[in-house]
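The two complexes that follow have chain A in common; it is paired with chain B in the first and with chain C in the second.
Moving on to the complex of A and B:
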């Protein structure tokens, strides 16, 4: 088991290296000259040349990649072209709202979607099942920003139950934090809930056909124990897998959600950085997101052994 | 009073192309401590009968009618909650497939302990201690270690022993065994049968044994019910049934059994087979269900369903031509 963990952690290194190479190449792939953009409209060719040199843009690709990677590994992601602040500082300032949003959405989605899928499978073919599946289709097809604006309009503007936008730090208390985040989390969670509920239902339908479910019934186990212990534990591996894959959805969705609800998080930072061609920031944020995604999926691989004793590494 | 009385049991399934009468008017009873075998070929309704007793048939599409009286209480009238109190406690069941009947993600001890926690209110620790005891009882070596293992770490025979341990954990009054040895190797079969017989004497439970294996019946049963196409066609004590089978179907079943010591190559020792297949259960059959395959069938058999008649003391059969004494006249 320990050897497996070490092996898996080591295996993430090439993945991250490829991501790093890709992220670094962005500067070359993207059209336009960053030096010219930074210099602005009134710059002389000499100004542009000076900026190019200061960025090191005049040196060979591989040399620059090597240097850049070396600095990244030491925790130095460079300095924002626009604000002159270190990228790590900028990320630190913005990470809490995004992390809060993603964690809350994850918890909310899992605690809603899994029971939904379980009940739909149990009540297969009834109106409950159809309602859940209908909701899943809706969740897949309505974009995050539409749900976001509708929620904000109904619950914040019309009913005035919750703030329209903004973010309150966790250190100011749990409820103010939750108040600001609940609508964004619901908006962001829609697709995610739909995905998890569908997989849960499909897997549960298969598991409920198994002989050991009949055995559990013959033992006198109650419906809840049959569904949530005997069946769900057997259905856990595919469900946990899509929860992990779905984190990618959350990352993409967070960017949009933060714009809709004016949350000062990494998503907003990314959008602003892209608009300003602030390459060090773009690179830093993408690297961070990739790293989180790889880490989450590693954790999920390790979780398998917890649910299914037949999986041994 | 009989421990279990099944009275005119009818289990029907609604399917897109008509109603499937899997069990169509079957009655029998089981006395305390007795072993009753229900035999018949695949699709004759014996497993459905067994599942109906514990109401394990999904409803819908299934529908159970008639009466199933256990110690005088009609199980079909109990609430789901009352029924759960009986399952695994007073009546328990073991299944054909030990490979798939145990939950792969729960330890053996947890699965044995579950019934004890449900029905006897034991806590986790007591349940595990009792589980170890049960594993010892069913002859599993190193029970203290095995109790923490998962089903995939056990062989087929061991898993069936675990199933038996689960079934007997609460000292049930009735054990329903649905083809308990079919999926096992012959040597393991003998061990499991021996174990069941031994435990029956110790626990004193009555057994309903569902099987298509007449060898197993001869080995353990006291009384036999022969089912065909969802109906009971013959019932007798095991000795008379094997010596003088009255119903042509039972005769066919016994005739198709290979006997030890007889050559399979000799002309006269060729195994008798029953030609044809079990009729579709989706049409109502007005006459005798076996008429289409019976060597003795006449116009009367096709038109009129024969009633179950006592052909000899304690020996009933549903056949127009089965004589009161001896075999068929024809």
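Moving on to the complex of A and C:
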């Protein structure tokens, strides 16, 4: 097992190298010029050229890529073209809100979606099943920003129960933290709940037909025990896989959710950096997202062994 | 624990943070700026957000009053020699930088020198400068090769780049390289440690700042601060900003979206007001390098079809309090605004005449590329009306929508339109900047700015304006320049945009005249 983990961690190095080359090349050929954005609307082409030179943007591709890669290997992601702040500092400032949003959404989604899927499978063909599936279709169909605006309108503006926007750090207390994040987490979690609920239902339906479930029933096991102890554990592998895949969904959705609820997270940092062509920040954030995704996949692979002892690495 | 006690405890736990926030917000002004603060150096950067930041943190030697005339701000006295060549500026005695150091003449000289490499009017000073010296810690002498009556205006102008006075050690930074510390002597300190770029900017009251003992008069006069802390909260989503203002989570929103104004007007707690009377002049800029707009006859031909009202309505809606037409070459409402030859835009609109003039000028259906920024709704609306106007008079228009980052790179290209270049883009210029010929970039004829227009006559008139002895003389030159604009058409003015700001009625004393200013304003 340990050897497997080491192998997988080492395998992230070429993956990250390919991502780095891809991101750098893509930004190099993409239209847009940070020097022109910095210089402003009223700058002359001479001003823009001077700024471009001062930023080193006039140097050849390979030179810039080589320098960037060398710095990355030393753990230095560079400095933002616009703010002059280190990219690592900017990421540190933004990582807590995004992480909080993703973790809360994940907890919320799993704790709602899995029981929903289990119950839907158990009550297959009944109105409960249809209601769960109807909710799943709705969750897939309604965009995150629409859900976000509706929630903000109802719970923040009309009822005045929760704030419209912003983020309060966890260090300022659990309730203020939760107060700011609960609406964004519900908005972001809609698709995720729908996805997990559907997969859980489908997998559970298959498992509930198995002989060992019939045996358990024949032995007089209770319904709850059958559903959650015997069936769900055996249905867990595909569910956990989907939860892992869904992390990518969450990263994408966080960009929109953070804009709607003005959460100062990595999603907004990414959008701002792209619009201003702040290359070092874009590269840093994408590398980070890629790394997180690779790690999540590794964690999922390891979790398989917990749920299915037949899986060995 | 009883059920009722548990519920009461939970309710208190939930309400406590909001009560605490309400108490602290009484001394905190929560403001939503037009955009994100990217660079903290108002000399290196030209963006209005950075300029607004600069006006909080830095002081200037002079400041414009609401009458657009410069008045001493950091200066206690300003004397000009009889021949107009020597300016002597004495500093107020109580000036201190945020790091505790006193403001000395050598700090001012280094700051002026840096600004003079970056700003248009500063470059004028650079060209005229014979010597700057500091005979005493509180006295600056500026010796010129030629008289320049507009020097105080230039040193106190509110448009980017402002002549921000900073410590000498920072002012020695290369002019295009932004300084990394925001140390000024203005009424607010920048809390760099709390700055989250793109999200949150914090300023605190500079307790050592001594305002002039005069009423606030735009950038002149006293700058009394009534809040301990000003927080800029960057909310890129207009719906979120509108909701936050309604929910009393913010106090002041600089640029409410025109579409959301009816909703905000519906709240009795919210005021909508045009704070920046100088606004921004909308304009359509031609690329003078390539056909068809390399031909002045083609540029002139479209004038009878230009309907300024349509441009303004598309950009800001039908409420005429938010815009002003007609607009000539200079910002309406400022001293040099005039109506010389303005009938080309105010007379009856005649697209048929425009078509005939186009044909006579030799236009033969050549494609016209108009660049439009999809992420700037106001500029996008101006570009859309421009495209429609030109199509109506028979031009073959290719309206290309892109994001701002792409547009600013694209418009810098001198290539022909069919090879990635362009013919037209629409923009806005801050009213202060285009109120005088000296800083009126689109009016220039030196091929310096995007569009690369050349005109020795306009350059000669600009030169004459610098030497104009008094306002009547300056006005005569401005009229002549405006007539020349209708003849050479370096750009087409589209109207003055004066978008309102929205704020909670719990605020009072907002200083009007220009960009959002944070002195004078108080709660209650």
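Definition applied: the second predicted complex is superposed on the first by the 280 of 313 C-alpha atoms of A that agree within 3 Å, B and C clash if a C-alpha of one lies under 4 Å from a C-alpha of the other, contacts with A are read in each partner's own complex, and residues count from 1 in each chain.
Everything below uses one rule, namely that contacts are C-beta pairs under 8 Å (C-beta built on N, C-alpha and C of every residue); 3 or more make two chains touch, one makes a residue touch a chain.
Remember, predicted model here, so these are calculated numbers, not experimental data.
Asker: Figure out whether A:12 sits in contact with chain B (first) or chain C (second), or with both, or with neither.
Answerer: Neither partner.
Asker: Does the superposition put A:268 against chain B (first), chain C (second), both, or neither?
Answerer: Touch status of A:268: second partner only.
Asker: For A:307, is the partner it touches chain B (first), chain C (second), both, or none of the two (neither)?
Answerer: first
Asker: Just chain B (first), just chain C (second), both, or neither: which does A:173 touch?
Answerer: second
Asker: Give one of first, second, both or neither to describe whether A:211 is in contact with chain B, with chain C, with both, or with none.
Answerer: A:211: touches chain B, not chain C.
Asker: Could you say whether A:220 touches chain B, chain C, both of them, or neither, answering first, second, both or neither?
Answerer: Once the two structures are laid over each other on A, A:220 reaches chain B alone.
Asker: Would you sort A:164 into first (chain B), second (chain C), both or neither based on which partner it touches?
Answerer: In the superposition, A:164 touches chain C alone.
Asker: Touch test for A:241: chain B only (first), chain C only (second), both, or neither?
Answerer: neither
Asker: Can you tell me whether chain B or chain C touches more residues on chain A?
Answerer: Of chain B and chain C, the partner in contact with more residues of chain A is C.
Asker: Where on chain A do the contacts from chain B and from chain C line up?
Answerer: Chain A residues touching both partners: none found.
Asker: Hey, which residues of chain C end up touching chain A in the complex?
Answerer: Checking each residue of chain C against chain A gives 13-14, 16-18, 36, 38-40, 45-47, 160, 174, 176-178, 180, 196-200, 233-237, 239-240, 243-244, 246-247, 249, 375, 402-406, 408-410, 412, 427-429, 433, 441, 448-450.
Asker: Could you please specify the touching residues of chain B with respect to chain A in the complex?
Answerer: 54, 56, 84-89, 92-93, 95, 97, 100-106, 114-115, 118-119, 150, 152, 163, 166
Asker: Provide the residue numbers of chain A that touch chain C in the complex, in ascending order.
Answerer: 31-34, 36-48, 50-51, 54, 80, 82-85, 90, 93-94, 149, 152-153, 156-157, 160, 163-166, 168, 172-173, 175-176, 179, 259-262, 264, 268-269, 271-272, 274-277
Asker: Under the touch definition given earlier, write down the residues of chain A that touch chain B in their complex.
Answerer: 210-212, 214-222, 229-230, 233-234, 307-310
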